[in-house]
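Next up, some structures in structure tokens.
The same chain A turns up in both complexes below, where it pairs with chain B and then with chain C.
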Partner chain A sequence: MTQLRRKDVLGLQEMSKEEIQLILDTAESYKEILSRPVKKVPILRGKSICTLFYENSTRTRCSFELAAKIMSADTTAVSTAGSSIQKGESFKDTLLTLEAMGMDLFVIRHSASGAPHFAAKIVKSSVINAGDGMHEHPTQALLDMLTICQNKGQIAGLKVLIVGDIMHSRVARSNIWGLSKMGAEVRICGPRTLLPAEIDKLPVKVYDDLDRALDGVDVVNVLRIQLERMNKGFFPSIREYSTLFGINKARLRRAKSDVLVMHPGPMNRGIEITPDVADGEFAVITDQVTNGVAVRMALLYLLLGGSGHVDST
Partner chain B sequence: MGPVRLRRCFVNANVHRDSTVNAAFLLTHGQEGFFVRDGAMSTQVTQVMDESEIRRALTRIAHEIIERNKGVQNLVIVGIQSRGVPMAQRLAKLISDIEGAQVPVGSLNVALYRDDFDKHPARTISASDIPFDVTDKRVVLVDEVLYTGRTTRAALDALMDLGRPAVVQLAVLIDRGHRELPIRADYVGKNLPTSRKERVDVHWVETHGEDAVLIVK
Partner chain C sequence: MWILLKGGYVVDPSQDYSGVADVLIADGVIAVIVERIEQPSSQSILAQTKLDEKDGQIFDCSGLVVCPGLVDMHVHLREPGYEHKETIETGSRAAAAGGFTTVLAMPNTMPVVDNGAVVRYVLERGKEAVVRVYTAGAATKANAGTEMAEIADMVEAGALAVSDDAFPIQNADLMRRVMEYSKMFDIPVLTHCEDRSMTQDAIMNEGVVCTILGLRPWPRQAEEIMIWRNILLADLTGCKIHIQHITTRGGVEAVRWAKSRGIPVSCETCPHYFSLTDEALMTFDTNAKCCPPLRTADDVEAIKEGLADGTIDVIATDHAPHAQEDKEVELQEAAFGMVGLETAVPLVITNLVKPGIMTIEQAIYRMTSQPARLLKLPVGTLAKGSVADITVLDPNAEIVVRNEEFKSKGHNTPFEGWQLFGRVAATIVGGRIVSGALRPVRVKNGC
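Take a look at the complex of A and B:
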């Protein structure tokens, strides 16, 4: 496969193994650009990319903007605060207004699951899902998989554990779909109250006991405890969560000796992960951030190309 | 010589650049011009260079490069991906054999510098692999076929983003004419006047299992 034959990237559930591999290969080839003294290539000159964020974000938004700028595209950032969204302009009208200004691609984050899918039907431009509600966050899972590939050579055959709040986590859902398609064994572990109701329909093995879940794993992906959602009595206390499901050095000995520790950020140090693990030898958390830029460059490139065939040597 | 029906696996006149017709197969049948039938389409394949002609051309180019650059001091060879890479490696080996000194070889991905992105689907090839600093080097860019000159233009821009070479020269196996930009090669294996309707396919042992240059009509 050499091209992505789709208008939008909304989730990994609907994506094929070949498409995921193409994105990872393309992203890998762009890491070289990130290490150059002058990080700029001209390919997306004249393309306009809009980041439309209805939820807060530092890394995802910056990562997309940087990816677009490295490829010479122009970016426009729209967020709830300070825009006409606060005057009550609907999601649909906001999209149509921005499309009329000539946006070629929208990067959308929204608290409602399915919002980017709705947007993709409204606009002719491409849409990339940068996180929708509790549904998917495909670019995060792709950068996680790229990080795994770089460290382990391949994904197939690996045991990957995702720990924490699976229910509210779009990162977990995208990772579960992506990793299982690429041939990994996906384990999940967390309080039963934070597992989604549809868990038996997902291609995962569920563990209640973290020590058993960690047995012989190649990768641990530690999810953020979303403190803003934790006032509804999902678990008795932060301290109890940390005792039962926090990743620390002693626990990590049960995993393989070359285990990778990943975290999508932002981290709650001392709750889901101890600082010595977060900054330790197994952590690849900053590599994940760097890979995020490469993955987003790959998606922009693959989605914005033409569709004919031109021969020129 | 009448039209000959080939086995299905050989026939795909719609494949744009990658001719799957094997020149060795044509030679064993002793044919200069050869018709491949594919449904309503008819394709004529003519071999214009064989293994020994390619070898002689590359050897001559290697000598010319050494002569023009007065040796191999600061000389590097850069193949344009993907088709210029086997030729770059061959030239580097020939030059190293003649001069008794290693010449560094790199490969350049020009996909992000093309001018046909809006017409062409995005295509992925491997990352540029330039294991040396190009600044102040004498760079010989290598591609198999020089046609419109647009790939060479993209390669020049890609190269300049990596550093400031002292000199950039261009070596090609085939110059088929029809330039759309003011670009010319410094070293040419063979000048091959062609029609725009024709296609020039270069086969390398490394990628196709044989060395040959074919014109496909």
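Take a look at the complex of A and C:
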């Protein structure tokens, strides 16, 4: 497989193993560009990319913009604050307006699950889901997998634990689909109140006890615990959450000796992860961020079918 | 003025009658049903009933089902206040097109139907409609769920029931008082069962599909807890309650238990709850978003069992028209509900009658004399002397659902493009064909 035969990238549930492999391989080859002194290639010159963010974001948005700029595409950033969205313009009309300006690709972040799918039906341009509600965050899972590949050589056969607020996490869902398709054993662990119904019908092993869940794992992906969940009664206190589900050095000893610790950010240091682990030898959290740019470059290339080659400068 | 419907398969559950027969309508009422055992000539029937041959018409109904006009005890006509979604007039045309001759409008309009004046307004507007329009009153003032509405005033004005549809009463003590009070007027309390504390921002049935899609879950228990609460309150008060749009196996079992104990409870379901599951939302189709939500295949099975064994008394549509802009948005922003009047008959025939879940007689029973009985309306029957509200169906016709053909202002159906069996050939209200057409027969040796 040498190209993605699809208009949009909306989620990993709908993607094949071959497509995921293609994206990871392409991203790996693009990573080299990021270490060049002059980070600019003309691959997407003349293409217009719109980042349309209905939710706050630092890393995902910057990562997409940087990826586009490195490839010489023109980027336009639209967010809810200061746009016609605040005047009550509907999502549909916003999309049609921006498409009429000639956008070739939309990167969409939205608090409503399915919003990028809705957008993909409205516009003829490509759509990349940059996180929709609690549904999927495919580029995050792709960069997580790229990070695992780089450190472990492959994904198949690994044991990967995702710990934390699974219910509200689009990162967890995309990782479950992606990792299981690539042949990993996916474990999840978190308070029962933050596990969605019938999660066991997905390709995962569910654990209540973090120590058991950590037993012999190759990778731990620690999810951010949103502090407002506490006020809605999903767990009684930060203290109790940390005690039961916080990742610390002592706990990590149950994992494999070369365990990778990942976190999609932003981190709550001292809550779901202790600072010594976050900054420690097992953590690859900043590598994830770098890989995020490479993965997004790969996707932009694969969807917009740039004319140039990676090595043409 | 007379009409003779000739040679149809006449089904009248109110008289436990079905068979090939002619139905004679004279001056807007049912004159006689004559079995065609010996093929009596039309003239002889007319002679027997002393009608003028020239003053009427004969229609060939062979191959068609002739039944009482269908009664839908759960529709949203949106007037007053939301006329951009539907009006009483357009809603009544949709009803006629779908074979319904009587509808009961829900009170969640703007203003809310919570006093006699608004009841009179709806009924007054209903007089200009092509089918019979009745209304339920809101159980609480402004549907706020805090103070009982003036139920006596509304009953006096013509409300046939009270309902908390769309705004389920959360306070058990208030619900008890509403039931006790309503019992004085011998009207049913129609109740939308939903424990709102469990359905905050909820979009769809809790389960694996919801988990995959990352949507806020609407657990079945939110419905079942309220069904049980209201059953217990009906037992306490002796008030007749009617559970609206039941969707779950547990709900059906609760009603079955209540009926076995003699508690005065009835219930309805809607065609979408036996035609679709929550998987219809896999594409984030806003037209499949409804309240209560679509459930699972096991629930669909239980709904069909409940319909077959009579636990579920009524098939209603919960016709919920919305404007395009209410549905052409992100799923979580989209309005709840789907139109139902113009797809009910084909869905019932295709999904219940054709697969043998129930006979056409049983299906018609749940759409005619059962709702009429619960609302104490003298319709839903072909008994001699009753108003000639009649629906003529072609159960074998194959149709394709095309929402652009709907008479309703609402085009919000998840069944667009579905190929189904069953067509409404004609709808007759008070002896007049208000929708569809029938094959005229030329009278031999006569005019």
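Here is the rule we use: the second predicted complex is superposed on the first by the 302 of 313 C-alpha atoms of A that agree within 3 Å, B and C clash if a C-alpha of one lies under 4 Å from a C-alpha of the other, contacts with A are read in each partner's own complex, and residues count from 1 in each chain.
In this section, a contact is a pair of C-beta atoms (placed from the backbone, for glycine too) under 8 Å apart; a residue touches a chain by one contact, two chains touch by 3 or more.
Keep in mind that what you see is a predicted model, and the values were worked out from it rather than measured.
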First (chain B), second (chain C), both or neither touched by A:R224: neither
Which of chain B and chain C A:D25 touches, first, second, both or neither: first
First, second, both or neither for A:F118, with chain B first and chain C second: second
Chain B versus chain C as contact partner of A:M134, first or second or both or neither: second
Touched partner set for A:K181, first chain B, second chain C, both or neither: neither
Greater residue coverage of chain A in the superposed arrangement, chain B or chain C: B
Which of chain B and chain C A:K40 touches, first, second, both or neither: first
Those residues of chain A which chain B touches in one complex and chain C touches in the other: none
For the chain B and chain A complex, residues of the former touching the latter: 16-17, 109, 111-114, 116-128, 143, 145-148, 150-151, 157, 161-162, 180, 199
Chain A - residues contacting chain B, complex: 2-4, 22, 25-26, 28-33, 36, 38, 40-44, 71, 301-313
For the chain A and chain C complex, residues of the former touching the latter: 13, 90-92, 110, 112-115, 117-118, 132-136, 170, 173, 196-199, 201-202
List of chain C residues in touch with chain A within their complex: 206-208, 210-215, 217, 219, 283-284, 325, 328-333
